[in-house]
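Naming follows writing order (A, B, C and D), and every chain is counted from residue 1.
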Amino acid sequence: MEKVKVAVIGCGTISPNHIKAYTKNERTDIKYLVDIRPERAKKLAEKFHVPHTTTDFREILHDKELEAVSICTPNDTHAKIAIACLDAGKHVLCEKPAAINMKQVNEMKAAAERNKRILNIGVVNRYNTAVNKIKEMIDNGDLGNVYHVYCSFRAHRSIPGLGGPFTTKSKSGGGVLIDWGVHYLDLIFYSLNQPKILTVSGTTHSELAKNMKDYTYINMWAGPPDYTGTYDVDDFVTGLIRTSGPTISLNGAWAQNIGEPATFVEFLGDKAGVKWQYGGNFTVYSAKDGVLYETIPAYAQKDMFYEEIDGFIQSVMSDMKSRSNIDNVLVTSEVMEAIYTSSEQGSEVTL
Amino acid sequence: MEKVKVAVIGCGTISPNHIKAYTKNERTDIKYLVDIRPERAKKLAEKFHVPHTTTDFREILHDKELEAVSICTPNDTHAKIAIACLDAGKHVLCEKPAAINMKQVNEMKAAAERNKRILNIGVVNRYNTAVNKIKEMIDNGDLGNVYHVYCSFRAHRSIPGLGGPFTTKSKSGGGVLIDWGVHYLDLIFYSLNQPKILTVSGTTHSELAKNMKDYTYINMWAGPPDYTGTYDVDDFVTGLIRTSGPTISLNGAWAQNIGEPATFVEFLGDKAGVKWQYGGNFTVYSAKDGVLYETIPAYAQKDMFYEEIDGFIQSVMSDMKSRSNIDNVLVTSEVMEAIYTSSEQGSEVTL
Amino acid sequence: MEKVKVAVIGCGTISPNHIKAYTKNERTDIKYLVDIRPERAKKLAEKFHVPHTTTDFREILHDKELEAVSICTPNDTHAKIAIACLDAGKHVLCEKPAAINMKQVNEMKAAAERNKRILNIGVVNRYNTAVNKIKEMIDNGDLGNVYHVYCSFRAHRSIPGLGGPFTTKSKSGGGVLIDWGVHYLDLIFYSLNQPKILTVSGTTHSELAKNMKDYTYINMWAGPPDYTGTYDVDDFVTGLIRTSGPTISLNGAWAQNIGEPATFVEFLGDKAGVKWQYGGNFTVYSAKDGVLYETIPAYAQKDMFYEEIDGFIQSVMSDMKSRSNIDNVLVTSEVMEAIYTSSEQGSEVTL
Amino acid sequence: MEKVKVAVIGCGTISPNHIKAYTKNERTDIKYLVDIRPERAKKLAEKFHVPHTTTDFREILHDKELEAVSICTPNDTHAKIAIACLDAGKHVLCEKPAAINMKQVNEMKAAAERNKRILNIGVVNRYNTAVNKIKEMIDNGDLGNVYHVYCSFRAHRSIPGLGGPFTTKSKSGGGVLIDWGVHYLDLIFYSLNQPKILTVSGTTHSELAKNMKDYTYINMWAGPPDYTGTYDVDDFVTGLIRTSGPTISLNGAWAQNIGEPATFVEFLGDKAGVKWQYGGNFTVYSAKDGVLYETIPAYAQKDMFYEEIDGFIQSVMSDMKSRSNIDNVLVTSEVMEAIYTSSEQGSEVTL
């Protein structure tokens, strides 16, 4: 069997997850690593035995052998690169969020359609084992009528790279909502089988680092701070979403004056409720015949990046859209944009 | 000094809090206890040395010596009794919620105004020591800009008196929102110095006992269940409120498939955040000069019912409105009604 | 910039802390590792890319390029090696305790002075972040008048290397007092800004392993026991120290029939008190305006060995004495010797 | 059998313990209750059916039938009343501390001897069941060589009756040492079979209420504060005591900036150690044949006040001195006075 030749564009923090998964997958070979900083691409190429590197993704688009690319670049470049790749006939797996606004997302989707190519988004929690177990329970009716989902992605002091691209809206499209909320919202919509969204209301705040030097923290991911940079994104978001299924309420914070981080999703049904610690286990709360139960399931955890990449390759080879196709993920971007809109106008948005 | 003569109307579960506080207070004497079930009034009268009891509150209204009454009857009777007492020239302290809908609340307020009498509502948390310490911190600017309040009044299995007045909307006006939420919302508005409410969005559900016999529980306050009765009230509510100050998000449940109860309020400021465990202590989370602090204050706890009653008597004697006057508490009822309306119409309400 | 060339003499358990810190420091290069057992030096040299090893520290003293040494050998060799190095013109960082008695300590100090070289002692807690935060609070007056310090370094079963050098007074100079107490006393004197010591009273005991085979334990650091060896050191010490500032009371044990280890220092002031868990966080207990506060600060932890080594190199390059110079640490040895003397004579010692 | 007729002089907080024990004891009858405030004596006389009350203890001394008295008056009156009673031929049980200084204690002892009467001191912990179980273990050799006792009587905020007799040295003789320390020291000396005291070193401080209005507290026993009163006693004491047996170290505080109260005694032996929570249970820590044991004994608790009174009556009837006779308890006062002396002079005292 001929292996699918792929390229990974962007060699920053997230890229090794893609590279490892492609390397482990017997149906693919990585032919190119691309990064505008040549040493980043070269270092990873050496480690993972990738034959070619380049600083300009355009140079590899003419390569007929290249069938698919992963895009791991900053958010503001997703649309431009994805569209160029799709127009060159490549299949694309683009890291989340799809893009920095709906206009770009729609253009990406249009490019996939006109070129009849796969466009997947890196909403990797759709491949998380716990999430899929929960989805299975919901599908089986084990939770009964799921009438509400509470979603909490609140940290104490976790603003990433203060003053850098993460905190500059023109580059990132937003803060905690677009960076963390995308995962939570997307996995909720997935678990609920993509309910229709009716209304979206929300408020975002940019509080704890509005004067960057006043921001006290212990560690900083993607740090240290650049006090000459920009901080114009949300570090807090609250929202309420009505759907054709359950309502969803959410509170999220990159940084907030709280004690313990509170990062979990609760699916509340009339027969049972599930609380999932993000990235960890879940607990089932149920009641039957006069007895209340608290159940902690254990199961083999699959590697969610491997599964995501394998699903992408399967789509590429079979031309069948999968769970992380732009068709399914689009709504996640729509809701995030609606929250930003609702926050600006101070009232609910009807989709 | 002449002591203020008072009556307590309704001798159920809440009434001993009023009776003890009047008894302890050197400025008042209880002259009457009233209950439609004569043995309930007599038992308490004996215990607390109250001279008179009756089954009909109308009988005592002609007594010129009687200056003030506490109303501790079921929610659906608040308006009728309060208005009759006010019209008879008595000052009134009415248990929370003020009434079962805004129409009644407005009528009560009008009766207080036309008779120039005090009408206080039993929002006793306005006299809780912790709440007042937190309010003091907010007023002093210790929390900086308070940009969000998260309010959680969620229990696991606490539906009271299933099938009885608590769960019958025509008697109670509603379920968890009107029974518990009234305390939380009211103390939040108090702590924030009564901000103007802009928008209210919410959804209520009646899920865990919609088939009463399916409701599994461990203990039942005001129980046991009456399976021939009615269950048509909310056991879950979620909401989002925009104000002239912070946004407020809330999740409340009398019963829900969760583990631990989550009953707390978080006041989130840019300088510090406070988490108050309902009925208990609070913790302050702050940061300064590169250090993060978690602080647990301890302080002498005042008896909040004593303070509430003393504040009422002070108002009666001085004719000065106090923090729990209907003027201040009205908005709490307005917001609750707006949540019910928003839930029914499936969209946000603008006040 | 020319890097400072250093040697580490003694390649036992403590030495990697020095080697890592020198390696990480951009202002130094390790030129030699020295140990009488050649394989110990070679193994570390390979791991940390050190060019030379030797078994005799005298061989490297003629090397003009070598500016500074760390001494990580057993206690009884500190004085001899330090004096030889100082006399050869090298700057010295000598592990704690300075030496096994004051006679040796004074000779070391004299050698530093006559050669005009830096002699630092490895009292690494002077570079612990928590200790310095506490010192800062004391200096700022946040604790008010610090009138007492209680110092507890009590373990359940922690005699190290029973029958070996640790428990042989001629090699170690003493037991728990000199091995653990040195850290606690030194950091207390440092935090209090080196108060004048007035009186010292104490008693030491050698109890739990006086018959070595009777000593029951679970784990043994630097073990296993050598029942042919010697056990003639203190496994318990109690003491009371008067200073120009607060009094200090102490209880310390390598082994004792207690439950939980109790290893902490309490700084007791009239405005606030601090309890520091050795090696961990601290809590501040304070009171103001009728409220009692318990505060747990969080802060970025610096690597104390890195800071210690960097401070030493700074001293070497600038010729400025620092906080861990023998001038400041001498008193710690004096107090320990006074406790041993007080114990022997059964009465208080006046310094 | 003729019952022993007794009087209780002083009807404050401690007296009901005596009155109840005499009432319960079949060998005694209370004939008089005495208090300078007549209503205090009368109230208790009514409750416990005592036939006579008076305001002046001198009035009852002529009563031949009266054989024994309990003295429960403030510390500064102990000596005067006890000596008068002894000189009138009565046996005396005097509440602790014996008196406010050694001069008075010695005069009391002399009065007992010249009149050949029993003089017991109310060191009630000598009758505590746990204390006696521990003493039994020590006597049996279960702890091996008891080489150290650590004694901690430290509270957070427990100054009693600020500004009243408790905090006025001329009335109380001292603060936490004489009020709480007397119990701890006395029970330690009792448990150790009255070892000879060799040296005493200590320091006392009066810190947390030196400016009375600055003292923040939650509750106050024997309160509320009298800000016009005096605060000139110790609220903290530290000490080190050498005896013919173990050394004893102690830290005690009525009030201190700590978290949890720490009120316990540890008896540390080479075979086993005991930790007794004051007023509660004890735990035994031992080791044998390679196994470490933590043992919590349970046993029937006797009423220590009953036992104390019964022992006193037994002495009165048999003319045999018992464990709480002044002969045994004298040393406790000596050590306390020595600690005060040592603190004043800043050096150790040799007894």
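In the analysis below, a contact is a pair of C-beta atoms (placed from the backbone, for glycine too) under 8 Å apart; a residue touches a chain by one contact, two chains touch by 3 or more.
As the structure is a computational prediction, the values presented were derived from the model and not from experiment.
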item: Smallest count of steps, each to a touching chain, taking chain A to chain D; value: 2
item: Partner chains shared by chain A and chain B (touch criterion as defined above); value: C
item: Whole-Å separation of chain centres (CA-atom averages), chain B against chain C; value: 60
item: Whole-Å gap separating chain B and chain D, where each centre is the average of the chain's CA atoms; value: 50
item: Chain C and chain D, separation of their C-alpha mean positions in angstrom; value: 43
item: Residues of chain D engaged with two or more neighbouring chains; value: 218
item: Chain contact graph, described as a line, ring, star, complete graph or other shape; value: other
item: Chain A-facing residues of chain B, complex; value: 143, 145, 147-148, 150, 156-157, 198-199, 201-203, 205, 207-208, 210, 216, 218, 236, 238-240, 242, 247, 249, 251, 256-259, 266, 268-273, 275, 283, 285-292, 294, 346-348, 350
item: Touch list for chain B against partner chain C, complex; value: 133, 290-300
item: Residue numbers on chain A that touch chain C, as the complex places them; value: 218-219
item: Contacting residues of chain C [partner chain A, same complex]; value: 298-300
